Amino acid sequence: MTRSPDHPIPLDVLAIAAHRDDVEQTCGGTLLKMAEHGHRTGILDLTQGEMGTRGTAQDRAREAADAARILKVSWRQALDLPDGRVENTWENRLKLARILRAQRPRVVILPYWKGRHPDHYTTSILGYEACFLAGLSKLDIESALPASHSERSEEPASEGHDFRRAKKTSSKEGALAPEGNLPPHRPFKLVYASLYHDVRPTFVVEITAQFEARLQSIYAYKSQFTDQEAGRNDFPAHDDIRDRVAAMARFYGMLAGVKYAEPFVQKEVGLVDDLTAIPVKSI
Amino acid sequence: MTRSPDHPIPLDVLAIAAHRDDVEQTCGGTLLKMAEHGHRTGILDLTQGEMGTRGTAQDRAREAADAARILKVSWRQALDLPDGRVENTWENRLKLARILRAQRPRVVILPYWKGRHPDHYTTSILGYEACFLAGLSKLDIESALPASHSERSEEPASEGHDFRRAKKTSSKEGALAPEGNLPPHRPFKLVYASLYHDVRPTFVVEITAQFEARLQSIYAYKSQFTDQEAGRNDFPAHDDIRDRVAAMARFYGMLAGVKYAEPFVQKEVGLVDDLTAIPVKSI
Amino acid sequence: MTRSPDHPIPLDVLAIAAHRDDVEQTCGGTLLKMAEHGHRTGILDLTQGEMGTRGTAQDRAREAADAARILKVSWRQALDLPDGRVENTWENRLKLARILRAQRPRVVILPYWKGRHPDHYTTSILGYEACFLAGLSKLDIESALPASHSERSEEPASEGHDFRRAKKTSSKEGALAPEGNLPPHRPFKLVYASLYHDVRPTFVVEITAQFEARLQSIYAYKSQFTDQEAGRNDFPAHDDIRDRVAAMARFYGMLAGVKYAEPFVQKEVGLVDDLTAIPVKSI
Amino acid sequence: MTRSPDHPIPLDVLAIAAHRDDVEQTCGGTLLKMAEHGHRTGILDLTQGEMGTRGTAQDRAREAADAARILKVSWRQALDLPDGRVENTWENRLKLARILRAQRPRVVILPYWKGRHPDHYTTSILGYEACFLAGLSKLDIESALPASHSERSEEPASEGHDFRRAKKTSSKEGALAPEGNLPPHRPFKLVYASLYHDVRPTFVVEITAQFEARLQSIYAYKSQFTDQEAGRNDFPAHDDIRDRVAAMARFYGMLAGVKYAEPFVQKEVGLVDDLTAIPVKSI
Amino acid sequence: MTRSPDHPIPLDVLAIAAHRDDVEQTCGGTLLKMAEHGHRTGILDLTQGEMGTRGTAQDRAREAADAARILKVSWRQALDLPDGRVENTWENRLKLARILRAQRPRVVILPYWKGRHPDHYTTSILGYEACFLAGLSKLDIESALPASHSERSEEPASEGHDFRRAKKTSSKEGALAPEGNLPPHRPFKLVYASLYHDVRPTFVVEITAQFEARLQSIYAYKSQFTDQEAGRNDFPAHDDIRDRVAAMARFYGMLAGVKYAEPFVQKEVGLVDDLTAIPVKSI
Amino acid sequence: MTRSPDHPIPLDVLAIAAHRDDVEQTCGGTLLKMAEHGHRTGILDLTQGEMGTRGTAQDRAREAADAARILKVSWRQALDLPDGRVENTWENRLKLARILRAQRPRVVILPYWKGRHPDHYTTSILGYEACFLAGLSKLDIESALPASHSERSEEPASEGHDFRRAKKTSSKEGALAPEGNLPPHRPFKLVYASLYHDVRPTFVVEITAQFEARLQSIYAYKSQFTDQEAGRNDFPAHDDIRDRVAAMARFYGMLAGVKYAEPFVQKEVGLVDDLTAIPVKSI
C-alpha cells in the first residue's frame, strides 16, 4: 500500500509524556520491544524541558533525538507547552488532538494519573481528553485553535522528527500542515505507564532483552545524568542510575516471573480467549 | 504419545465448585469454549447436593452428568464432602490434592473467595490450599489420609465419570486407586469465577457462541429449575432463569465490548507481549 | 399556598447532565418514578449536543422535549456550554448556580465523577461546585457573571420548558429574568447516577414499573438511535438497545432483589431509623 | 394471633456478640430504640465471660440481666462457648442455628468482621454461617449436634431469660427443648455493628434519646467498670467511660448530622424508594 | 546566627488553608504544640473570608490575629484569593510559591484533597503544586507573575503579621518585597490535615495539652461562633462547639491511645529506625 | 537488675515465621539492625522444614543456627508444627502463647496476612491470636494444653537456642519447663513483614548497613540455595539470589529515599510527636 505524504503511516504505539526523558524512564523498553515486533512507534513530549535544573532545552532536543534512535522510534516530537506548567486547557487538548489525528496511533501510552510531578499527572488527564476530542467527527480543530497558535506554528517551536522513514518530512510539513483536514481518529487503547508511582500494575511488559538499550536511552540524556554540581541533591550519581533502573525493572519483572519488566495500568477489564494461555504462574 | 491407564491424560482446565450446578452457573460457557478450543476440561464438585431444598443427591448426580455432556467436559466427579459443611480441613485438602495429582490440570477455576454461601467461599480457600499441597514433592497423600477415609473409599461415595475417553475407567479405579503413587503436581494458573459476587472482574471470557448451551446445562438440573412448590421463594421461576442468566452475561459482556461473557478474578498481574494486541476498546 | 410568577414552585428533584439523552440513560426511570410519586422533577442539560455524531442540536432539542414528556418532568432546560468542552470554570459554575437558585431543587442528581466521556465527569464536579456556590448568601450571581453573558442571555441560546404547569413561563422570563434577585439555595441532597461507570452503587432505585417508559424516552432520540450509516461503529443497532438497557437495569435490579433498577452513589453515610425496615435480603 | 409455647413470638432484632457487655458497647442504643419502636429485641452472648480480667462469670450473668432490663430487650441468653476461644466449628454453628430457629429474628446484628479481639471477628463469621445453616430446610439440627452436647444441655450451662413476656419460659424449656422440631428460619437482614473497628459505616442509627440509658447499661457491668486494681492498665477509669462513649457516639452522629449515633456496616446495596426521603444533608 | 531582613528565619511548619479559622479547626493544636517544641510556625490563609455568612473580612482579620497569638504562630498572612473561588491557576500557584520561597518552611500542612467545600480541596492541590513550583530553580516568579498582580501588591490587599519577632517587618517588606530574588525552596515534607473529611488518618498528633488553647483559638472567631440569627442553621450554637471539637479530638485520640489528637494523612511510606520505639499499642 | 533463670531477659523483638529461612528473607536486616541497636532479638520458626523440596529438617536446623549467629539474634527456636500444615488451632495458639509468655517480647514481627504459601498467611493469624491469648491473665496454658502435648514436650521435638547469653539454658529447660507458671504477657506492638506479598508497606526499615549480612544469612541455608537438581524450577540459581534480594531491598528503599530497606505493614495509625522529625521527603 502506498501512502501519500498527506496520509502518513499510522503509528501503532504512541507514548505521550510531559518531559523528554520521561518516556525513556517509564516505558522505553516497551517502546523498543514494540519496534522490534515490527510496530511503528512514536513519542510525543509535551514540553521542551526549559525548566530542568540541568541543561537547556537545546541540549534536551539533541539528547531526545539520540534516545529516540536507540529506542528505534519512528517519530518523535516535542510540543511547546511550558515546562512546569502543563495545563489541561482547551487549547492544549486541541494541540494534542491534532497530533493524534495526524499520527493515528492504535495504542497511546499516557503517564499514570497520580504522581509527584504535577506535569506528569496533568499530562495523563490532558492526554486522555485529547484522545477523546480527536475522535469527535464534528470537531474542526483548525478552526477551534486560536489564531495566535496557528501563527506561532509558522515558526515551529516544536520540532518533529521522523527517524525511520527514508524521506523525512520537516516538522512543519509533517506535523502541522497536513492536519488541517485530517479525519477524526480515536486510539483503540489507552494504557498508563505507572513506574513513577507506587501503584500495583494491571500488567507488565517484559523488557529483559531491551533492558540495556533502554538504559542507554536514559544515559543519552547526558546533560541530566552526567555527574555535576547542579541538582546534586536531586539527581542520582551516574553510577547509581543503572542500579536504580535495574532494581525497579527487576521488581516489576519478579511480579510476573520474568527478569526485567515495565509496569502499566489499564482501566478496562481484560478479555481472555484461552485460559490456558494466560501467562504468570499463580502458585 | 501413548499414556498408560495409570497416567491419564492431564486436564487442561479443571473447575472446582461446592455444588453440582455451581460450575454451570459461574463458568459453564468458559468450560465449553475451552473444550471447543480442543482442551480437555473437567469439573470437580465437592459435595453431592444432599442438602438442597429441591431434589435428592441422586437426582443431582444424573443431572450433573447431563450438564457435563452439554458442556463437553472430559471428566466430572463429585466428592463426598457434606453439603452445607464444606470445611477447610487437612483431610479435605488431601482429598482434593489427590484429585489434582491424578488429573494434573494446568488451569484450575475456583469460586471467588467472598460470597453469600459459606460453601462457596470455603471452597475457594480449600481449593487454593489443596493446589498448594498437591505440589509438595515430599507429601505422601496416601499415608497422610486417615485410614477411615481409605476404607470409606472402598464404597465409593464419590462417582467419577470420564465422558470423552473411549475406554472408561470406573470411578473407583479412576479416581482413587492410581493416586497412590502419583507424582506431585501444581497447577500453573488459578483463576476465580466471580459471577456469584458483585466484584469487578480482572478479565472476562466471551461466551456468546456458548451461551445457549450453557443455559441448557443449567436447565439440565431439572429438579432445581422446574417450577414447583418447594423453595418457591428462593428459586426463580423457570421462565425467569433465561432472563437472569442473560442479563448477567450481557452485563459482563458489555464491560468488554462483547455480547455475553463470564467474569473472572486473578490475583497475579498480567504479562503483555504486544500492546497492540490487548483487546477491549478504551475510549 | 400561592406562588407569584417570581417564585416558581421549587423542584423536588433536578437531574443535571452534560448531554440531552444522558439523563434518559442513567436515571430516566427514577425521574419518572419520582414524578409518579407526586414530586416535581426537572432536567438540566448543560450542552445542546452540537458535537454529536448523529443529528443536529435542533433535532436534539425536539427529541429532548419528547423525552421529557414521556418521563413526566415538570421542567427541562439546556444551557449553552459547548458540547465536548464542558469545563469547570467560574462562569459555568455561576450559570448553573443561577438555575439552582431559580429552581430550588431539594435533590440534585449528578453524573458519577469518573467515566469515559470528559463532559460527564466534568459535569459531576461542575455541578457539585455550583450547588455549593448557589448557597452562599453573599454571592451576587448577576454581578459576578460577565456582562457578555448577561447580554447573551437576552437572546436565549438556552431554551427552557415548563412541561407541566398550566400557564407556561417563557424560557427567558422563567429561567433567567427572575434570577437577578433570587435568594440563595443549597440542595439538601446530592446523589450520583453511576450507570455509565462500573462502580458499585450505594443504592439502587427500582424502576420495574417505569422500565418501558424509560426505554421509550431513550427511543425518543430518533436521530441517535435509528439505524443509519453515521456512527455505525459507535452506536448499537436499534434492536440492540432494548437488550442492553434491559441487561443493565436487570443487573442492578438483581443486586437488590428486584427486577429493574438504576444505580446511584452517595457520599454520605446512611441514617437508618428502623433496622427492620431496611430493604434488600442479606442471605 | 395466639402462639403456643412451642412457637415463641419471633424476635424482630437479635444482636449476637462474643461477650456480655459487647452489645451494650456497640449497639445498645439501637436495641433500645428498636424496643421503643415496639419491636421485640434479643441478645445472644456466645460466652459467659469467665476469662475476663475482672469479675466472674456469675457476676457477669447478673450484670447482663440488669443491662438487658435497661435496654428493654425481650430475650437474652449466653451460650457456653469458652471465653477467649470462640471458634467457627460445626458444633458451634449448630448451637447458634438452633437459637436462630427458636427465636426467628428478622434482623441479626453481628460484630464487624475485623477487630482487635479474635472472639469478636470470629463471632462475625460464626454468626453469619449459623444464619445460613438455620435456613437449610433439610438440616436436622438435633441429629447433627453431637450427643455429648445434647446431654450437656440437660444441665443448662447456658441461661436464657425472657424479660418481657408475662409468662416466662425457663431457659431449658424456652431455649432448648422446643428446638428439636422447629422449622428452618433464615433472617432477612444481617447488619454488622462496627463501633469496635475504625471502618467507615454504611449507615448509623441515631441514639440521642437512648444515649443515657445505653450508658447505664454499660455501667451495669459493675465488676468491669468500677475503679479497681485488676486490669487498671487495660480498663478506663469509671469517670472516663462516659467521655469515651460520648465521643464515639458523637463522632458517628456528626457523620449523619445528628447528636449521638451507633455505626453499622451492611454488605448489600441499598434500595431507595424516594430520593427526597433520603436523610443526611450532602453539602 | 544573624539574619539580614532579606533573609527571614525560615518557618519550621507552615499551615496553608483556604479560610481564616480552617487551620484552627483542623490543626491548631498541632501548630501550638510545634511552637511549644520551639519551632517557628506560620499560617497562610488564601482568602480573606468576604463570602462568609457571618461577619466581614475585617472582622476576620482581627480575629485571625487573635487566634494566631493564642496558637503562638510566628507568622500569619492572608492572600487575596476570592473567597468561594479558590482556583488552581498559574497565577495563584505563583502567589503561593512566592510565599513559600520567602518563608522557606520545612513542613507544609495542607488541607486533605477531598472534602465538602470546594475551596478546601482546591487549596490542597493548589498548595501541592505551589510547593513543587517553588523548588524549580529556573523559575523566576517575579517575571512570571502578571504585571497587574505586581501592581496590586503595592497596595497590599493581603496583610502579613509576624507575631513573635521583636522587630516586626511590615507585610509589604516582609512578605512581598524580598521575594523578587529569593532562591528556590521546596519543603521537605507535606502532610494533609484531614479532620474535615472522614478518612482514616496515617497518623495523629496528640494535642491533649494544647486542647484548651486550640478551642480558644476557634472561639477567637467571635463573629462566627457567637450565637446569632445569620446562618443559624449552618453553624452550631456556641455551647455546642466545645462538645463537637472535643468529640472529634477524642475520637482521633482514641485511635492512638491518647486523649485528644488531630488527624493527618501523608502520601509517603514511613521510615522507622527502631521497631521498639513505634508508639500506639497494637493489641 | 539480676534475673533468675526462671525469668529470662525479655526479648525486645521477636520474629515469628512458618519456615526456617522465612525471617531471613523478609526481615533479617531489620532483626540485625535491632540487635546492633542493642536490642535482644529472637526468631520463632513454627515448623522444622521437613516438607521442603531440598534438604532435611536436620540440615535446616544447622543452617538456621548459622543464620541466627549472622543476624546476631539472642534466641531462636523451632516448634514442631507440621511443615505445610500450619493450622490455627487452639493447641497451636497455646504453644505459641507459651513461648510469648516465656520470651516476653515488646515487639512481634508476623508474616503479612496474605500470601502465596498457606503456611505464611496462617502463621500471621495464628501468631496474632496467640499474642492475644498470651495476655489473658486467667488463662492457664499448662492446664489448657492437651496432656499428649505435655508428654511430647518431654522429648523436645523443638530445639531452642540462646545464642548470646553466656550461660545457655537447654531448650527443654529454657523453652518449656519454666513456662508453667509464667505470668501473662501481651506484646506492645505487632508489625507484619510484607516482603513476600505485593502490598504497599506502612513503613520500611533501612537496612543498607545490614544488607550484606542479611544476604549471608540467606546463603547460610546451603541446602536450599546451592545449585542442584531438586527443585531446579522452583528455586533461583545461586548467582541469581543476590540480584533478586537486592532488587527487592532497593525497590523498598527507593520508596523512602534510602538504599536498601525491608517493608512492613502495621494496622494502627501512627502517632507523631514532631512534624519536623518525620522522615521521607515528600516532593
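Remarks
Letters A, B, C, D, E and F mark the chains in the order given here, with residues in each chain numbered from 1 onward.
Going forward, contacts are C-beta pairs under 8 Å (C-beta built on N, C-alpha and C of every residue); 3 or more make two chains touch, one makes a residue touch a chain.
What you are looking at is a predicted structure, and each value in this text was computed from that prediction instead of being measured.
Considering every other chain in turn, the ones in contact with both chain D and chain E prove to be C, F. The chains in contact with chain A as well as with chain E are C, F.
Ranking all chains by how far their C-alpha centres lie from the centre of chain E, first place goes to B. More than half of the contact pairs of D-E, counted by residue number, reappear in one of A-F, B-D or A-E; that pair is A-F.
Look at where the CA atoms of chain C average out and do the same for chain D: the two points lie 44 Å apart. Chain A and chain C have centres, each the mean of its CA atoms, that are 38 Å apart. Here the CA centre of chain A is 58 Å from the CA centre of chain D. Residues of chain D in contact with two or more other chains: 116, 128, 132, 198, 200, 255, 269, 283. Chains that are in contact with each other form these pairs: A-B, A-C, A-E, A-F, B-C, B-D, B-F, C-D, C-E, D-E, D-F, E-F. Note for the complex: chain A touches chain B at residues 12-13, 30, 34, 37, 39, 106-107, 109, 128, 131-132, 135, 186-191, 200-206, 255-258, 261, 263-264, 266-276, 278-283. Taken in their complex, chain B has these residues touching chain C: 116, 198, 200, 243-244, 246-248, 250-251, 254-255, 283. Interface of chain B with chain D (complex): residues 50-53, 84-85, 87, 116-118, 198, 230-231.
By the touch criterion given at the top, residues 90, 128-129, 132-133, 136-139, 269 of chain A touch chain C in their complex.
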